Structure formats: C-alpha cells, structure tokens
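Presented sequentially are two complexes of subunit A, the first with subunit B as partner and the second with subunit C.
Moving on to the complex of A and B:
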C-alpha cells in the first residue's frame, strides 16, 4: 500500500485536491518529491491511486490520506455529476425529431479507463462537456444504428438504446464505464409549445 | 423590486424549462446552450420564458408585472445559468454523498438493477427539490406581499416541511439562495417576541444566509455599489469562521450572548440557515477553534454550564485535552475569550486564552497535551500578531487602556501606549498599509480610529478618524491589488463604512477617504456598542470579524454590539 489514512488538515495549502469547478469531473495529479504528501477525497468523489509499483488501488472512503511512497498518481472522479441527460438536436437525425436520454455512468473497470486517459503529464483534467460530447455521439449512433422511431414502444427503445450504447462505449475512451440508460424522450414532448402559446397571449 | 430578489425568483423558475431541440429538461445550461444536446437557445427566448414563469408564479400577489419585468431584465442570464450549474452540482454532491455507500455496494456486487433503482431515485429527488423550492418561494412571496397571518403561517409550514423533507439533500447555503429575507425575518421576529429564542436564532440565521446569497462578486477596479446590513437581537459571545465542510465557503460560527434566559443554543452557523452546531452533547456552549495544533486542525472550547467560566478543551474526537502548567495538570481552565495565533512563528498555532484575574495563557500543543505559559498583564480585550521593527510581536490591548507588545521568544512585555480611552469597548487590527514592511496597529475606539506605527525607531500614533468607530478591515475592496482600509462606525440607527486608500502626500503616506456607505439596521430600537465585561462574562462583548462568508472573494463583516449582532455585506451588482 503506498498510502494511509490521516487526520484532516487545517489549510488547503497542506493537501492536494481537485479543482472545485463543477465542470471538472476527472482530475489527476502526480505527487512527487516537492509536493505536499497529503490529499483529500470528498464524499462526492471516487478516487484511485497509481502506486509506484504501477498497481491501481481504489480509495474506499472519503477523507484525508497521506502518500507513503512516491511518485504516486491520484485520480479523482466527481461521480456525483454522472447522473446526467444527453441529447441529439432535431435536424441531425433522420425523421426530423430530436432525442434525449437520461443516463448514469458507473466506472466498473477502473484499470481500463485509467489506462486510457492517464498521460505522462503531472496533472490533467477531463470536463463534463468532454464526456457529454462523447455520450452525444454514442446516443446519435445508437439511434441511427437501431433505426429508432417515436412510434416504437418506449420500454423497448430504452432497452435497445441501453444495449447499443454499452456496446459502443467499449470502443471509446470511456471504456470501463457502464452507461445505464433510464429513459429516452423526444423533442416534441417538450412542453415548450404550450408555453409559447401562453407567451403569444 | 430588489435585484437580489429577482435573482432568487429567476433561480427557482430556471430549471423548469425543457429544450425545444432535443426535449431534455434543461437541468442546467452554460452560456445559453442546452447542456444535453449543446444547441444554442437565444437569450431573448430564455428571458421570455422566464418572464412567463415568473408572472405565473406571482399571479395574485401585489407585485406588478411591469416592475418585475424591469427587475428581471436587469439580471444577467449568463450569471443565473452559471450559478444554477453550481447549485445543481451542490445538490448532486449532497445526494451522492448520501447514496455513496449503496452505490459502492451495488457496484461491488455488479448489481445493475440496484444501480438503476438508485439512479432513478436520485433523479426523482432532484426533480422533487425544484418543485418544492418553487412552492416554498411562491408561498413566501405571497406571505410578504399580503402580510396576512394565514399566508405567513402557510409559508412557515411549507418551509418547515421543506426543511424536514428536502433540506438534507441541499447545502444550507443553497437553501438560503431561495429564501426571501423579508419573510425569514418576519418569522424570526415573531418567534423572538413569543420568547422562542432558540427557534428565533435559527430564523435570524436563515435571514443572514438569505441576505448573503446570491453573493455578488467584485469587479476589478470597481468599488461596491451599496452595502446591506442584517441584524440579530442577541449579542455575540463568540464568532469564528472556517470552512469546516470544505466547500470553499467559510462557515460563521456564532455563540449568542446570554443576557436572556432560555437561550440554549451552544453554537449556531449563521450563514447556513442558522443550523445548530453541536458535535458533542452535554455542553451549554461550544466554540470551535481552528488552526494547526499538531495532528489536529480543530480544538473545541466546551462549557458544561453557561454560569461558570471553566471550559474544557476537546480534540476533534471529543476527548478532553490535558493542560500542563508547570507541575500541575488541568482538565479545564477559566476562559473568557480565546484567539488562535502562531505566536512563536514555527508554523503551528497556539491557543491564547484570556482567563480570570488578569491571567493570559498561551497554550501550545505537545504530543497529546497542551503546554501552558501564563502572562499576567491585566484583563485582555483583544490581541493580534504584528510584524514590528524588531520582528514578529504579540500585541495586546488591556481593559485599562494599555497597548502592550510581547516578545514571543522571551515573553518580555513592553508598553507601546497607555491611556487609551474606552479600551473595553475597542477592537484592534494590524496590517501594513503604507508598504514599509512593518505593520501598523489600528485601534477602533468610541473616540475614533488610532493608527500606531514606527517612525525613526520611535512608536508614534495619530487619530485618523473620529466618531464612534467599531473596527477596521484591511482588504482589497476593489480588486486592484492594493489594500484599502475600511472603517466601520456606529451612527444613529445604522453603520457607516468609509473606504480609505493610501496616497503619497509630501513624500509620506497618508490615508484618503474615497467613498462611504450607510446601512440602516432596521428593526432595532437602539444601537449601542458592547463592552467587554469581565464580571458578567457571558454577556455581549465587542466583536469585529472580517471573513468571506459567501465565497464572493470579498469579506463580510460581523459586528458584535450590545445585545445585537450585525452582518454587513458589500454588494457589487
């Protein structure tokens, strides 16, 4: 084990943590000789550590940790942001409708994902927009491949899209994540038209 | 209509929209782009939608649509959408924290069905939150506009229901964003008059939170547009600030003075809707002290009775710390006031305790106990560290009007100044405003602000402003990377803040007043400054805390007066 639990520190200068910016959902940092050796994992984050041996260890509980041997790379994942909606606007898909999906991402195989994203850089980050862009592409491809139409039974659409997106995700840099599709909706279901009527009045 | 109220209303109607291009409910959007599909939605379109929602919300209240539209048109939608992203993030963080273990277990056992159930529960909670927020805010607006007992009571019940059902999924500061301060003050005031003091403190705290949020960030080079003041009709016994939940915003810990009977709150966080802070039971008063104390980042002063000066010092696990003083060991000491400072400059903090009979303890953490040094200098009203000509010194102000400096290495005491009038009503600040590398000392007394500094090796002092001054804050108020001096003065029924900048004058440095602000303290019949009372030690005392309590990078000021606490916020937009 290249890390151990420690007591909370007084000042932010005494430990390393990812930026507070809600757009940054994945952040990694290599703790070297000159860095403070303590880091924090928040209640809303999952974290993994790549020990000097190359072994990837998950950090089970939130709290403060001390690095025992260096260099060690810490990867923070702001998992709380991974219950999200993605959509494909109308005009992109054949049929003239837009589509949206409520989905959740779970990191099931951290070794695969971490291996894909980590570079030799001391630190790096991935934003929620990067993830959304990738998921948008996946949703678009899934709807195209499956030739989804609004007339199909909704439960069936959800199951098909779920299966196809998980099939497609394994070919992207998001491989390692499971994408759980919970619902699928269409652009014409937006209640905006009623509001526009109200606006006109 | 006040701009901050318009912002609060817009924030509550904002998430109810959906995207016309993909159909997703726009739970958040950045720069007017649908976060789900990335399509751009015109600002005018969003503004019109917001107007319809707001009009629907306020139908039947006395707020005129014209007035409302004017206020809404002055709010930046980009600001609202960015703010909403932070709110959403905060809610998601809180919900995830509560589900964390369940998610962890489901992931470990690869139970996809359970994960699906959890996600759908999370979505359902998020959606319920915004419906309830809307309902809660509508009821508050109705209550303050109609001012009928029925509407006030209804709004109160909805808020309490919200607090019980939903509050655990939200950061209290986020709840404050949606509360209309006039409403919470109305409730607090009624509870106070009904002598339900504990409940009243919570509602006054809610009012302070509601006034602080949404925060207004300073623009580079611009001075604040106006200043707001909120009050609590209880004095301050202790005030502390620290970011205890690591969200980037400091919490303000407040212990109300004990002039009235029946007030039993050991400590309250007044910028988090007045929630009670009580990590350990069995104490009448709890005061957290933050610093680098060996392995600990917090020590807690704990009074078992608010009639006895003796306080225990607890560590973060609630264990009593031993205090070694010479050959003796104590488990409690009389504490009148306490400060945390790095006196010896070793990077670790010491706890400085003003005790009874003029004793002043410097407690240093050693392994698992506190080592005490005692100085007898008279009753100490205030203390601070200052970088003086001979190095770092502890500066203390005593009740009998003496200003002393203590050499941290030898604990030798030197007199800097004597005859300070009204010292027991005064407060002190230190800082280097003239840029000579040596700190000046600023004493705020009932007769004005005195600056004490060095010139040619001598200690010199001058009165830089007259009036009933309460305290000074040294900060870069206009983000121009130059610190300004802000003097706060008690005037009639309010507080005046005057901003002074350092300017060159005949080869020297002088302070020049550039702008002043006045905020009336409503609802308080008379305002008096508090006196440091060394006999009735749990009564109001003078307090002057400068701390960024809303994360806007501009500090708020908390002033302890006689049976009154005032929270001051500078507004830039």
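Moving on to the complex of A and C:
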C-alpha cells in the first residue's frame, strides 16, 4: 500500500485536493518529491491512487491520507450524480429535426476509465464541458445509427437511445462509465427553437 | 494483544468495505444499464451505509468497548460480503443486509450478531447456511493464528460455525483437517481452539483428528446399531479415516449419554441387547453353527468372538454353546440333528463334526449334553442313536420277522440302548393286542 490514513490538516497548504471548481469532474495530480504528501478526499468524491508499482488502489472513504511512496498519481472523480443536457442541432442530423437528451453517468469500472484518461502530465482535469462534447458526439452517432423518428413511441425512443449510447460509450475514452438516458426530446418541441425558426422565416 | 486485534479488525473492516462497495458498484451499473432504477437507488443507499459502517472510536469510553464494536462490525460486514457474492441481489437481499448492519449498529456483541444473522439467513435455506458458514469463516480467519487468546464470544462463533459444518455433512463428525480447509486456518491452530471449546462445551468431542457433537453421534450410532445390530471399530476407523484410538475415545465419550453402549473386546461396538438379538437371529436361521463361521461372517477374530459369545449366551436363554466352539438354538437343535440323521437309527459323531467344521472331541461333548437334555438321543461311544428310528426298526423287525442289519449292529454294540426299546415295543404290541381283544375284533 503506497498510502495511509492520516490526521486531518487545517491549512489547505498542507494537503492537495481538486480545485474548488464545480465544472471539474475529474482531477489528477502526481505527487513527487517536492510536493506535500498529504491529500484530501471529500465526501462527494471517489479517489484512486496509482502507486509507483502501477497498481490502482481505491480509497474507501472520505478523509485525509498520506502518500508513503512516491511518485504516486491521485485521481479524484466526482461521485455526486449530475445530469447533463446534451443536444444535437437539426442541421447535423438527417430527417430535419434536432435531438436533445438528459443524461447522467455512473462509473462502473474505475480502473478502465483511469487507464483511458491518464497522461504523462503532472496534473490534469476533465470538466463537464469535455464530457458534454463527447456525449454530444455519442448522441449524434446513436441517433444516426438508430434512425429514430418523432412518430415512434417516446418510451421506446428512450430505451433505444439508452441501449445504443451504452454500446457506443465503451468505444470512447468514457469507457468504464454507464450512461443513463433519462429523456429524449426533439428540436420542434423546444420553444427557443420555434422562435429561431420564425425569425429565420 | 488488544492492539493486534484492533488493528487487524480495523484493516479488515476497511478492506471489506472496499470489496463490498466495488461489488455493489458493478451491480448498480448493471441495474442502470437495464433501467432497473428502483434497484439501483436501493443499492446506492446500501453502498453509502456500508461506506459509513465503522464504529467511531470517540463514542466508546473504554478501549475494550471499541474493540468489541469492531468485532461486531467486522462479522456483520463479513456475512454481508458473502451474501452479496452468493445470491441474486434483489430488494429482499438489500433489506436483509440492512437488518444485519442494524444488528451491529444496535451495539449487540459479536455472538448475538452471529445468532441474529443465522436466524435471518435461515429463511434462505441451504444458501443461507452457506453464507453464514463462509461469513464466519472469513471473520474467524482474521484472528486465528494471529491471536492466541480468543474472546469467549469468538469461541462461540467458531463453535456455531463448526456445528453448522458438521450439521450439513451426512455424517455426524468432521475431520479437523477438513474443517481447517473449509475455514482456511492452520490445522494446529484450529485444533487448539477446538480443544478449548470442547473443554467448555460437554456436547462437543474433539480428538486429535476429528470433531463431533455428542448427541448427533449418539443418534448416528443408535441408527446404525438399529440397522445392523453391531459395528466394527475397525470399520468405523476406516469410515472416519482416523486411528482406532480416536474412535474408542469418541465412543467412550458418547457412552455417557448412550446407556448400554459397549465396546466388546475392543473390536465390536453395540449394546448387549442388540448383539444378543443378532446372535439369536443368526442361530435361529442356522440352527447350529460354529464360532468360526460367525467370526468369518462378522469379520472379527475368533478368540475375541469366543469371549463375547461366552459372555452373551448367559443372557440369551435361546442360545446354547458347546465348548465355546459350537453355537446352537435351544429349540432348534433337535431339528438340526434329526435333519442330519434322516431315517437312520445311528449316526457317527464325525458326521456332525464334519458338517460344522469343529473337532470330533468338542462335538462329542456337545452331543453328550444334548442327549442328557433330550431322551430321544443316546450317545454310545462315537455313535448317536436316534431312539424313535431305532424303535421303528425294531417294531418292523418283530412284525415282519425280517432281520435288519442296522438293528443287529446296534444290538451287538449297544445292547443297553436296544433292550429298553425292545421291551417298550413288545409292551406296545401286547397293549394293542389287548385292546383289540377287549373290543372283540379278533378273528
């Protein structure tokens, strides 16, 4: 084990934690020789450590921990659920309608996901926007693959998109997550879209 | 020592929490993928309960109270971890997990948690027993081998686990090596613990190779003796794969609660009544037999069987013995002799001894006793004269006036035996004649 639980620190200078930015979903940091050895895991985060031997160790519960052997990379992943609204514009999709969906992600295989995102950099982060961009691409591909039409039953559309999104996500850097499609909407149902159409006419 | 226990338990709890969380994470993801949102929500609540499932050191005034709480939490987590790996997760399983967690949260000692969990799991049938055994096995492994002195409650858990293991094998005993394999402990460590348990619980018998529960063993022996009247110590040792000494040790303990159970000559285990019944039944079928034949049939040493028979036949009035070599049924001995004699008036003793495979000397002594008991047989030197046949032959000689060589031979060799019969027969003939005259039917 390359880390151990330690007593709480009161000054933020004495420990490492992800930036207090609500847009940051994943943050990683490599603790080297000159860094503070203590880090914090908050109650809304899951954390993993890549030990010098390459093992990925999960941290069981929130608290303060001390790195025992360096270099070790710590990855914080926000565990609280957040719903992302992702839309694909009308012009991009065939059929003359745009699609939007409310999605949430659940981390199933942290080890796979960490393997996908870790780079050689000392620190890095993945924000909500990065994830949204990827999900938008996935939604576009899913709608193209499924050839759904607005006439289909809505529950069936959600089921189909849910299944296809989970098929596609395993082929992206978001592999390890399960995508939960909560709802699917069409551009002609959106008030703003209707207004823009009228203006264009 | 309490520091070792504390650190072992803390580390176990933290590891087990991670293992359970990881397992549940996979199940939640699958539930979300299959759009089973009720299940995923319940599981997420369970994950958060498990992540927070640690006793707070500051809540306990004495260090021992904290260690006891750690014990309870560790056992609860151990059982839950087994359950999640063993059964299909549904609402009922989640509910069961929460109830087991609550047992520990209520501050119950580890023994009570074991009892409570076993009761809760009993509703799951065979799977529940397996979960309980494996859960306890994991918990027991934290401490066995690392800690010399176990808490009485931990001894109780080991006892319950062992009882469950013995209760679920077809036989009422288990080899210590098998239990140590199931529990994943060193045989030596387990043996010393089991001996301590046996010292406190008179219902448990521990030898150097096996462990058994006294009342279950009694039922088992009763059943076996009822079915086959007796068992051989050697067979039991082979069946249990232990030394004969271990078998005798177990039987010695069981005899406390099994009145009449006895080890005969160190080779046969039965009760006086069952073994006597067996011999009576055997001689009832055979009529007369030899000790050698019975010894071969039972698979025991002849000298040992002789001693057993000599002792037992005193309590079985149906059995008579001849020099501890011949065993006969009192009511059937004459039938047996008659069946061999047939129509003949005399038979050499060698014929009987040859039939049984015993020495002529022994047979002669035996027939001598029989002849003394039953007047129809007369032993003259090495010949057995069957009086009714002799009498019939004499009568036939008188009425037909034809000499029989057999009768002549007997008259020559044993005149005393024949003389009485001649007089008897003449008397009989005269009586018949007198009756005929008095009825006036003589022509």
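We take it that the second predicted complex is superposed on the first by the 187 of 201 C-alpha atoms of A that agree within 3 Å, B and C clash if a C-alpha of one lies under 4 Å from a C-alpha of the other, contacts with A are read in each partner's own complex, and residues count from 1 in each chain.
In the analysis below, a contact is a pair of C-beta atoms (placed from the backbone, for glycine too) under 8 Å apart; a residue touches a chain by one contact, two chains touch by 3 or more.
The structure displayed is predicted, hence computed values, not measured ones.
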Clash or fit, subunit B versus subunit C on superposed subunit A: clash
Contacts of A:13 with subunit B and subunit C, given as first, second, both or neither: neither
Superposition-derived comparison: subunit B or subunit C, residues of subunit A touched: B
Touching partner for A:171 - first (subunit B), second (subunit C), both, neither: neither
Partner chain in contact with A:180 - subunit B first, subunit C second, else both or neither: both
Touching partner for A:86 - first (subunit B), second (subunit C), both, neither: first
First, second, both or neither for A:33, with subunit B first and subunit C second: neither
Partner chain in contact with A:191 - subunit B first, subunit C second, else both or neither: first
Touched partner set for A:106, first subunit B, second subunit C, both or neither: both
Listed stretches 37-45, 91-99, 109-117 or 145-153 of subunit B, narrowed to the one that overlaps subunit C: 109-117
Footprint overlap on subunit A, where subunit B in one structure and subunit C in the other make contact: 60, 106-108, 178, 180
Residue ranges of subunit A touching subunit C (in the complex, touch as defined): 58, 60-61, 106-109, 159, 162, 166, 178, 180
Of subunit B, residues touching subunit A in the complex: 17-25, 27, 30, 34-39, 48-49, 52, 85-86, 88-89, 92-97, 100, 103-104, 107, 110, 112, 115-116, 119-120, 122-123, 126, 246-248, 290-292, 295-298, 316, 349
Subunit A - residues contacting subunit B, complex: 7-11, 14, 17, 20, 22-23, 40, 42-44, 60, 62, 79-81, 83-91, 98-100, 102, 104, 106-108, 129, 132-133, 136, 178, 180, 182, 185-192, 195, 198-199
List of subunit C residues in touch with subunit A within their complex: 14, 17-18, 21-22, 25-26, 28-30, 32-33, 35, 51-52, 54
